[in-house]
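When the chains are written out, they are named A, B, C and D in that same order, and each has its own residue count from 1.
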Amino acid sequence: MGFFLETLIGGLMSGMLYSLIALGFVLIYKASGVFNFAQGAMVLFAALAMARFSEWLPSRLGIESKVLANVIAFALAFVVMIAVAWLIERLALSKLVNQEGITLLMATLGISYFLDGFGQTVFGSDIYKIDVGLPKDPIFLMESTFQGGVLVNKEDLYAALIAAALVALLTLFFQKTGTGRALRAVADDHQAAQSIGIPLNRIWVIVWSVAGFVALVAGIIWGSKLGVQFSLSLVALKALPVVILGGLTSVPGAIIGGLIIGVGEKLSEVYLGKYFGGGIEIWFAYALALVFLLVRPQGLFGEKIIDRV
Amino acid sequence: MEGSVTLKALAGAGMPHRKIGEVILDVQNISLRFGGVKALTDISFDVREHEVRAIIGPNGAGKSSMLNCINGVYQPQQGAITFRGKTFKHMNSRQVAKMGVARTFQSLALFKGMSVLDNIMTGRNLRMKRNLLWQALRIGPAEREENEHRAVVERIIDFLEIQAWRKTPVGRLPYGLQKRVDLGRALAMEPQVLLLDEPMAGMNVEEKQDMCRFILDVNDEFGTTIVLIEHDMGVVMDISDRVVVLDYGKKIGDGTPDEVRANPEVIKAYLGTTH
Amino acid sequence: MKFKSLAIAAAIAVGGAALTSGPAFAQAKDQYIPVLSYRTGAYAPNGTPWANGYVDYLKFVNAKGGLNGVKIVWEECDTQYDTAKGVECYERLKGKYGGASLVQTLSTGITFAVTEKAPQDKIPIITAGYGRSDSQDGTVFPWNFPLAGHYWVAADVLVQHIAKQEGGWDKLKGKKIALVYHDSPYGKEPIPMLQERAKMHGFEVQLLPVTHPGVEQKATWLQIRQNRPDYVFLWGWGVMNSVALKEAVATGYPRDKMYGVWWAAAEPDVKDVGEGAKGYHGLAMQHGAHPNAKITKDILEAVHGKGQGTGPKEEVGSVLYMRGAMSAMLGIEGIKRAQERYGKGKVMTGEQVRWGLENLALDQKKLEALGFNEVMRPVSTSCVDHMGPAYARIHTWDGSKWAFTSDWYQADESVLKPMVKASAAKYAAEKKITPRSPADCQA
Amino acid sequence: MLYRENGQFKTSYRADLQIFPIAQDRIAIVALLAVAFVVVPLVADQYYLRAILIPFLILSLAALGLNVLVGYCGQISLGTGAFMAVGAYAAYNFFIRVDGMPMLAAVLLGGLCATAVGVVFGIPSLRIKGLYLAVATLAAQFFVDWAFLRITWFTNDAPSGSVGVRNLSVFGLPIESPVQKYLFTLTVVVVFALLVKNLVRSAIGREWMAIRDMDVAAAVIGIRPVYAKLTAFAVSSFVVGVAGALWGFIYLGSWEPAAFSIDRSFQLLFMIIIGGLGSIMGSFFGAAFIVLLPIFLDQALPALGTAVGLRLDTAFVSHVTIMIFGALIVFFLIVEPHGIARLWSTGKEKLRLWPFPH
């Protein structure tokens, strides 16, 4: 029982981290109809920037305070991500409007190659450290009820909390701010939005910047878990089933989807894994998403598609 | 309007020596809902062999939905449809097609990526029997079959006077021509009943006249029964034998053009709106 | 217009193609060694120091006058640890400068692929500490040389070590060993050996695969926390290792019960875990980290001293750097040995080099001369045994550096040999290969 | 004035229905085949045959298969690598386990197994559409990767799970030397290209395209979406499976699931998008582009470096290669979203009109 709880909690927290990345996909898809495969590359890029800045600031500019260094590095990294967003919009997206989904998807793959190469050329391809002071040691709950207690990974706990906070923040941003409303307008109908004078290009830059911000946060959390290097860009693959399960256009979908996938894959690996020889969680996540889709082809919270003639 | 007055005369074979036959298609108490929205409520009407039957009504009256029920795109919640004495609660698209019901679409539903030729050829697919392997090897029978059907399609192309665009992707054709291809694809199925969903929408007078001619020719030469949705009252009254009037998913009138014209409810609901 | 621009682009491309077309056939006055490495991709952090060590050593040899006067030329190609790309690199490089004298694939996948091509190309393949274990059998794998041991040796030595810790083989009865492995041919190589040993001594092996790249291991470590194995063998690779260690910290599994194979026991694996990895053991096949070995000093002086260093000074002497250097050295010594037979100061062909590698005799004296004396134990091969005695030690991470914590071990021939024979025989049968006769060896 | 079709009148539908209605095209293609079959083996050296032409041909075949599914039937799949893997491992098992099983037969049987798997993973396409389907097909990718790593029977219980083949031959002729391998591959590819071309210009091809362009209308004229989609999956994965078998048997010789990883799937998708969706020729163009470009850059950059007198280190080169590769892909998608094949036809149009502008 205690162990089951442990697995459950573990799953929930991994799930939260997945949703953090899934969020990036959803934001961009909502606003520009692009399925952004470059999300993973953006995570890596942001993390590399953060890691290297926080390393260079003390060494080159002699900023002692670690906190200050991290803060500045964070700000700089965010600026970098905005620049990236702007460039992507200018050089690629604005020239690809009204292309088919698959073409856009491939374009973002191209972009991700570019970012991978570029990031590692500029920032290097070694393993780098991000240390924002997330605690590493475990905590044990309810040791009275279960022997050994229920282990909770403190780092993941903090990460999950940060992720949750970010989601809340974004929801506010969408609901309350003018830009947010504009974004939703664009999401609903490009032409209409344009006709009432919402500048699409600017909106897209904003969305990609926001996605860049999400990528940065995700990059920092994952980076401090894994260490920053190429593999970081592959965590995107863990987020894909989350996105389709939750529905490409739904922020809450990304969250719920993330939790379902997280819990699902952990439980499957721990309890079914042994019968299959282990290593099943990666495809199990996709299979799970697939099953949900067979019931709701547009994902849990996606808009329904009716074809008319 | 004044263009359409002379339509019968224009459509050379207009003088009806075609005798209207038995009821071929009978729609009984069809009701169709999308969630809360009622698209059709308790619609019944019949179609006789060889006749030109029109369905009219304001926008959103449920005309297209009616056709969609007939060829199985939508599944009505209530009612039944009898075709040649066989009664169905739900129609299955392929079955309907096999029984010889063809269809054109209001908002063009052509295969944009394919040439005019291929679009019309798809109408023959039901009749092509050779299996994958034969098609892959494309020798002997498979090739012969392809050529035979190609010949039929060429006749249709000539009939519709679109020879010049044979190999053009339909996506690039002007609207009027696309409408013809749409018709051609339906004709390629050699249907007994032809459902036409606003074949003349958005056409100028000349194009309308051409289209009317095609429709009437089809009706005369091949004796094809025609169910027609049309907005242009003039056209409808001219070329159709009987008319069903729908409004907000309900049937408010049924009969010969003159009867319908006289029907006060129709005047209120429909004609009222056009003027 | 856009049509035109593309036409131009194409034209440029073609022009460029002309510029690079065809392998450059220099006349064979230099001994040519192609270098397959990966400095990019998911595994770059581990691949880079290896490549630097390898290239540095080649530079070092040239600086010291080459192979009895023959200069070494090399060309590097980045495989990204991808088999298809690796094969392309191999094909691209092997023909240049009058033909490659030997190749080191640095990837289990590429090793397997190249092994199929070697017999036609007549290029010996050195896999120092990796590759396929059964390729030790020179009669079936005439071109493969798993010098300095392979994964079966590694697994066997680890089991021997914990047996010693426990105080005798009999103490292993009923113990639980979890193998956390990279789900790939590399990670699966040790399994047969571990199972063999488990049968012999009645301990239990629990297999826990981790899918590439291994960024998500929560489930794995929850299982470890659940059934509390007495030891964890970490057959990890790249980021997977540091993640494993961090998860171990997070689930409170004692690091000093964890043993990593040498790919999992180098600086990049523990660097950013730092203190957390304190007490974690690694298997050092032949060498470990040797910041103070003679060869390290020599390279620093003769290569980095002259500003010729491939990588940063600091990494010279680190585990993977030393692996690179030692691998290069073994190849070079093979060539030198061949020269002893086919003529000093001559350029050796692949076939001649193979003879050299088959008759390696690096005794303590030779190693001392080379500056490798405290780095490794003697290596001697034969046409039948392409590995020779493989020695290994355990070293432990003290939070800042690797330090040796055991004496030398050697794989138990009585266990190893039959397994190699059987596996090689199976391979031969499957591929319809007739093993070499001893007579053929004399050639 | 050389490239014209006027003056060439078709007197029968048969003549009008041939693959290359224009005489000049027929001549060109014959010449191309002649070069490929005769000249190339004589002049090309080992490296070009083994490391460029053979992989190019095999991947073209795979792209061809994928194009049937994505280009003609409009079903996006990211699981192509999986179907290649099934083809390769199935072929391997037939080849190893059945005594005297000829290599060609093994390869084709491998293709059939891929067909079966492809159809199974195609079933969701009946309900799931577009990007959702695309991502869902990744399930196939990861599941198959896992299966071949875990189920040791597939790998004939090789300790490492990596398998390989040797001593290949077809009808008694050995397939060992690069030239032999090249010719064998070329023949297979040409034959398959012809068969697929025939399919896409026949009834079934029209059904696929109909489903792709407007599935409702297709249903109304009596096309069964189920049949059309599943046949597309079947044919596609058969071709892809055969390509996979060749990739293992002919190119790698020894392989592991990683050889058919998700990167391979993306690579193939790139080929058909860059080359041209719904175009046989496009598959070849795309393959050429995607296979050659990185190799070319990888060698050109150092050469250029030395030309301007600086020695570029390997890591830098391959990073820059990836960058340029990515950038060029985006560039291509911008200038010609319909792929190289479209450019090709535009070029031909221009040529027809030449020297008159319009």
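The rule we apply is simple: contacts are C-beta pairs under 8 Å (C-beta built on N, C-alpha and C of every residue); 3 or more make two chains touch, one makes a residue touch a chain.
None of the values given here were measured: they were computed from a predicted structure.
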Chain at maximum distance from subunit A, centres defined as averaged CA atoms: B
Chain pair showing more contacts of the two, A-D and B-D: A-D
Inter-centroid spacing, subunit D versus subunit A (mean Cα positions, whole Å): 33
Euclidean distance of C-alpha centroids - subunit B vs subunit D, Å: 42
Cα-centroid distance, subunit A relative to subunit C, in whole angstrom: 36
Approximate Å spacing (C-alpha centroids) for the pair subunit B, subunit C: 73
For subunit C, residues contacting two or more additional chains: 39-40, 44, 48, 183, 209, 211
Overlap residues in subunit A, where contacts from two or more other chains coincide: 120, 125, 277-279, 282, 309
Set of subunit D residues in contact with two or more other chains: 146, 149-150, 216-217, 220, 315, 319, 322
Interfacial residue positions of subunit C with respect to subunit A in the complex: 39-42, 44-45, 48, 183, 207-211, 213-216, 218-220, 222-223, 225-226, 238-239, 242-243, 246, 249-252, 268, 271-272, 276
Subunit B residues within the subunit D interface of the complex: 71-73, 93-94, 96-98, 102-103, 105, 109-114, 118, 121-126, 128, 130, 132, 135-138, 142-143, 146-147, 150-151, 154, 185-186, 189
Of subunit C, residues touching subunit D in the complex: 2-3, 5-6, 13, 16-17, 19-20, 22-23, 37, 39-40, 44, 48, 51, 76-78, 80, 82-84, 87-88, 91-92, 95, 108-109, 112-113, 115-117, 120, 132-134, 183-186, 188-189, 191-192, 209, 211-212, 310, 423, 430-433
Complex contact set, residues of subunit A against subunit C: 3, 6-7, 10-11, 14, 120, 125-129, 136-138, 151, 153-156, 222, 225-227, 229-232, 234-235, 238, 265-266, 269-270, 273, 277-279, 281-282
Residues on subunit D engaged by subunit B in the complex (per definition of touch): 12-14, 17, 195-196, 198-199, 202-207, 209-210, 212-214, 216-224, 231, 235, 278
